[in-house]
Amino acid sequence: MTAPEETVLLQGHIIDSLILAKVLDTILMMGGTFDLQDVRIGATRDAPSHARIVVRASSGRQLAEILRAIQPHGATVEREEDCRFEPAPAAGVFPEQFYATTHLSTEIRLDGEWVTVEGIEMDVGICVDPAKARARTVPMAAVKEGDLIVIGRDGIRVTPLARPTERDVFGFMESVVSSERPHQPVLADIAARMQRLRARHRAGEADAKILFAGGPAIIHAGGREALAWLVEEGYVQVLFCGNALAAHDMEAALYGTSLGYELSAGRSVPHGHEHHLRTINRVRALGSIEEAVRSGLVRDGIMAACVRQHVTLVMAGTIRDDGPLPGVLTDSMAAQQAMRAHIPGVGLALLVASTLHSIATGNLLPATIPTVCVDVNPAVPTKLADRGSFQAVGLVMDAASFLSELARALGWRP
Amino acid sequence: MTAPEETVLLQGHIIDSLILAKVLDTILMMGGTFDLQDVRIGATRDAPSHARIVVRASSGRQLAEILRAIQPHGATVEREEDCRFEPAPAAGVFPEQFYATTHLSTEIRLDGEWVTVEGIEMDVGICVDPAKARARTVPMAAVKEGDLIVIGRDGIRVTPLARPTERDVFGFMESVVSSERPHQPVLADIAARMQRLRARHRAGEADAKILFAGGPAIIHAGGREALAWLVEEGYVQVLFCGNALAAHDMEAALYGTSLGYELSAGRSVPHGHEHHLRTINRVRALGSIEEAVRSGLVRDGIMAACVRQHVTLVMAGTIRDDGPLPGVLTDSMAAQQAMRAHIPGVGLALLVASTLHSIATGNLLPATIPTVCVDVNPAVPTKLADRGSFQAVGLVMDAASFLSELARALGWRP
Amino acid sequence: MTAPEETVLLQGHIIDSLILAKVLDTILMMGGTFDLQDVRIGATRDAPSHARIVVRASSGRQLAEILRAIQPHGATVEREEDCRFEPAPAAGVFPEQFYATTHLSTEIRLDGEWVTVEGIEMDVGICVDPAKARARTVPMAAVKEGDLIVIGRDGIRVTPLARPTERDVFGFMESVVSSERPHQPVLADIAARMQRLRARHRAGEADAKILFAGGPAIIHAGGREALAWLVEEGYVQVLFCGNALAAHDMEAALYGTSLGYELSAGRSVPHGHEHHLRTINRVRALGSIEEAVRSGLVRDGIMAACVRQHVTLVMAGTIRDDGPLPGVLTDSMAAQQAMRAHIPGVGLALLVASTLHSIATGNLLPATIPTVCVDVNPAVPTKLADRGSFQAVGLVMDAASFLSELARALGWRP
Amino acid sequence: MTAPEETVLLQGHIIDSLILAKVLDTILMMGGTFDLQDVRIGATRDAPSHARIVVRASSGRQLAEILRAIQPHGATVEREEDCRFEPAPAAGVFPEQFYATTHLSTEIRLDGEWVTVEGIEMDVGICVDPAKARARTVPMAAVKEGDLIVIGRDGIRVTPLARPTERDVFGFMESVVSSERPHQPVLADIAARMQRLRARHRAGEADAKILFAGGPAIIHAGGREALAWLVEEGYVQVLFCGNALAAHDMEAALYGTSLGYELSAGRSVPHGHEHHLRTINRVRALGSIEEAVRSGLVRDGIMAACVRQHVTLVMAGTIRDDGPLPGVLTDSMAAQQAMRAHIPGVGLALLVASTLHSIATGNLLPATIPTVCVDVNPAVPTKLADRGSFQAVGLVMDAASFLSELARALGWRP
């Protein structure tokens, strides 16, 4: 019996972007073998290269798995065909063989033409409109019966991430910055990006929004003033958070405490949850966070800055919420959809001190958006990378220190 | 000007349960002073003691805060009065001065009689029915306009936790078991409790259910077989989890992988999220997890065991979910309410490898329910304690090792 | 059969310092029971109290263990006797029944007189000179054959730690400050202590030295400038470290890198250990760190500041050292002895980012010295407490952020 | 001005081992550029490839740094010259330009012949005997005045690590196994290696020794029985540890406690350090661990197994040691030398629950020795990799769980 084999093509900057190496590595790791045919390598950095690779496996299933695994690196099977699609059998259900996306730029072949998939994000399906020659991503829950959904792997190609031309920390992909590596230069690179993006955003340019997703440890540990300053100064356009961050922020405004700790004194005030609950109750009585700020109840902090600066705020509910505050989207699918709606236009994502928000946001971000994940626990950036957000730079720091240093680098003088 | 003062009473086992010490400690810590009057200490362990304490503070506000802080320890202001209540001003809004509960047994005084508050849980309000002389807790979101809600602090008394008579790990409260302390004896104590509870539950006794709340790391790290065995053997009556645990469990049943890692081989299979998505899609197509098990699609694992053993399953949605699976409660308030409904009757709570589920469940548990919190990250048990669940025993272990050791102690032979 | 029993006395501020509570708790926890007799509690905070406690156990061995366990809280057996001692049977060997010290102030009774033990530290023996009526601690390795060593438990009393009168973070003992609690107030308290101590030290007062023990993560993470500033400004009198901190500090001075990371750029320079080795080699060629500074080879950083400020430097060797640098005490017992020699006069100890140095220094510190333990890993402060240094305040922060914030609070303007 | 450039050669399995990719990546990351000339890639996996790369930099210094950085990957400057050497200027001091080794196999060119450097280990120098045409590594502290030490970079070539042919976990280099990935398959691979090595060792084959380096958390957390079993069954030939592991192990044999925790009951016994100290004192009185075992004082546990199985034991002292036990090498350089002496012949290294011993041992291991690093703190495997031990497989588990699972996989039935 002959081993099943398939010939794939790789082209572009496949050498210096490590793509050829990763593809060959993946083939071997998954138990396959390969022969390289017709490898041509550009003599300079700018000249593209290409390679034809014969992949062999011990079974058809193994071969299919290998092809699936190397496709995200841009390895396309040689024979060019149109992509295939099938109608969704029911609302919220994809066809059995649906193609699951990566967060890399993706094209599908319709009638011999390559069409870019709109709204790319990982782990969703692709819905096709053959009449208009268009394609867009669709989450499983949003698919309608009869929607035409791409199936199989033919006629789909993804563009691997090129190494960024900017020589800052985002140019060194797949790196976790441990607590043992110097933070200052990473912070300086992030601050420089933020300054450029703010200038571009003020100039009305596209893709210049800064997205901040964070958890309540920001308040507990003392990062509230720094984050509020960043918002006031125009360094945040979109804020994803939960009920807790907003409630603790306003609790600090009303009572000077967070989760029962007096922020100014570091003393544990037993039964301090009461302040938390009273804050939520008072804002519920007023009807909205906007009204709490406008009425003068909440005079400082992150929420006040968001209201004043017209920051887009998406608050997602969880089962650990008290209240919750008005404005919290208690339905997780609705919250996810609201987050998704605000990803376009983002030029930098900061994911700080929240495993839940970091991973949820990471799931929605295309690979091309520079991303920073900050947590005092080194497992969080690792988790994010394990779930596919390989473009994220991990930084092991407590949230308060990160925000203080970042704000200082941008001009904050507390 | 005379310093504001108030005289409070403490009675019961206030010496050996450390209550007197904690009350005095709290007064000093919060900047007050005290005089002890008429302290009578029982000569034996069984004889009760009592103390009258004059608390002084530098301002009325400080005095009020101190009284609020020592009340959860059972310190009641001497003059006995009925509790006060007011109608809720709007749906979902408590009266301004609402009393926020602790998770300790609580009574209120109505017409001179002490009435036990039903359904006690922390951080909610108390709704009174004076006609029937009854009181029950009510979460903020569930209050209806006009509900009579307890306000202020008069006429409310809580019963401090007595030291348990059983001499196992749950008798040593407020202890985090670090990764440097021996796990085996703690596991043995938990296993012994579980055996007693299972026997009692099978005998139809009350308060004998075992609640398990867990995260998907259980599957990733290899604890699936052990947990499935515990469920099959009747050691779990209630399971709180999210979409991810259920989906990864069934992904393992269908594909032998979890989050792209082959469970049998430990190899990373790139783009392995696909299995995860296909699993969810197939279960959605079938309509329910029960149907996925009954139809033979899912033959082993935790979900299969839950269906076969009629375990009460509450799956709460989050913004990081794919799908989600049918049966997931995507509305967080609805999910919280479903969890709340299944707390009565629980005799032991195991919170494993999920910050979100551990804290959310901890919020709902009365202090009298023995609780274990297991995480490889020592910050998680600390967080739980910081949020008031002081009765929880913390154990720093990875989930798979915990479940394997626990199942082995109960007779599992893999 | 009658249960073995013993009557012990407790006196002083046994209520508000929690001592009575802890003693009773310990008795119960270890399986004993007690009767309280003749408890008299001072009516005001300043009036002392006393209690007579009858301790009962199920066996003589259990009773002895309980008495041993409650003795560190100041519980003394009622009958007063002189302490007993025996000659050490050989050099480096204590008599079989030697008394092992705690780090609390300790007296022994010699000829009816209570004599204070000099140089108290935990886990060593007590050597007696009956002729001079003096006693001092002696580590096991330092005992000489025939030295008179205290044995048993009679005639020994320890003074429990009184709650400090200062109302800062050090007044709240046994507290770990998690990454979720506000750091700023803790840092402010530490900074205030340091300012007072520096003023007192400059005024020639006793017990005003500040001890800093730290690991190389200080350099890696970017805390070098802040620590060098603290040293230059007179905020450190004694520095305990290892070869690595000193070498990485001087590597930064010579090459601008630390462990292969360029401190100014955050770039990983492969094989960067070379700079580390060349730095050590060059300092070895010069013969000493002092000469490296004086010769102008090393112009800035922590070592340069230490040389200029005449800071007492103890560098202890480990098996992971390259080189090592001249001045490193490669013998661990000699290094421990050198550290021990510099504890007297210390008024504050800062233990930063080094499990080894934190625990080694913690072992040598009397309980009366305010101590801070800083680590990004919450397990380190827990370990320190597990090993008996209960007076240490734990702070979960990365070293660079801690040092930057602390230096800023003291006036650093980078 | 022309940019400085140099042409380097790469040959061997430079594609599938990722070497070409890493070299090009390093050049770009360090700010250089390259042209590829004459790349020939073998068409099958077994056929070797080669590439000629022109490296350009903006300065001579940058070029030198890039060449230094890519040399560990096997990139040799094209012009072949003999290596250069100089006499050491003093005892313990290398010549200024000494070559610092990696832990990869290294050859130097002497009189036109390539000579393998003996005893390769990272971060040491190379001492040449031109007369005998031999070369061996020498640590800085061991160099004698006049020893001929290799300088510069000419005439030195290192062999990059080839991907192992065995398809187990050690074939997937540079991977940290997080607490979220399945442990079971990794443990199975380690166990399989250990069985093969034990068989080979019993057959008298070379390079079949198993080295275990561990910390005292093994005892605290409950891994003592499993490790003792592994030693008894012949799965450990060399044990590196400190005073603490040995003392806690024997404390458990004498008193059933470890660091004050009763191993059988999990109860904290206050002031439990006493058992620790008495254990050390009694072994000191007997003169050696061997005598403590032979005399029957110590009847079970790890030390007893080591004595009975004639395991090579190296105990290194640290500043946190009590005692220490007889046999502990208190001089860190002597201990490092003793460890170094036992590396030859090792076929597998297990580094468990000790940052100090893991990194110290990692420093001494050639890259060709399969290595596992186990710690409950994910930062420890990361640290090891940061320090160059890239061949180590990291496993995030508590020590007791790791040892229990490993021993069970090898047949332990507790």
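To keep things simple, chains are lettered A, B, C and D as they appear, and every chain counts its residues starting from 1.
Simple rule for what comes next: a contact is a pair of C-beta atoms (placed from the backbone, for glycine too) under 8 Å apart; a residue touches a chain by one contact, two chains touch by 3 or more.
Computed from a predicted model, the values in this text were never measured in an experiment.
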So which chain is farthest from chain A, going by the mean of the CA atoms in each chain?
C
When C-D is set beside B-C, which has more C-beta pairs in contact?
C-D
Chain B-chain D separation of Cα centroids, rounded to whole Å
45
Inter-chain centre distance, chain C versus chain D - centres from mean C-alpha coordinates, in Å:
32
Between chain B and chain C, centroid-to-centroid distance (C-alpha), Å:
37
Contacts with 2+ other chains: residues of chain C
29, 172, 179-181, 259, 267-268, 376, 379, 386, 396
What residues of chain C sit close enough to touch chain D in their complex?
26, 29-30, 65, 68-72, 89-90, 92-94, 96, 98, 100, 102, 122-123, 140-141, 259, 267-271, 273-274, 276-278, 280-282, 284-285, 316-324, 330-336, 339, 355-357, 359-360, 363, 376-377, 379, 386-388
Given the complex with chain C, which residues does chain A contribute to the contact?
169, 172, 175, 177, 179-186, 189, 217, 220-222, 258-259, 261-268, 376, 396-398, 400-401, 404-405
Residue numbers on chain C that touch chain B, as the complex places them
15-16, 18, 20-22, 24-25, 28-29, 31, 33-37, 39, 41-45, 163, 167, 172, 176, 178-181, 378-379, 382-383, 386, 396
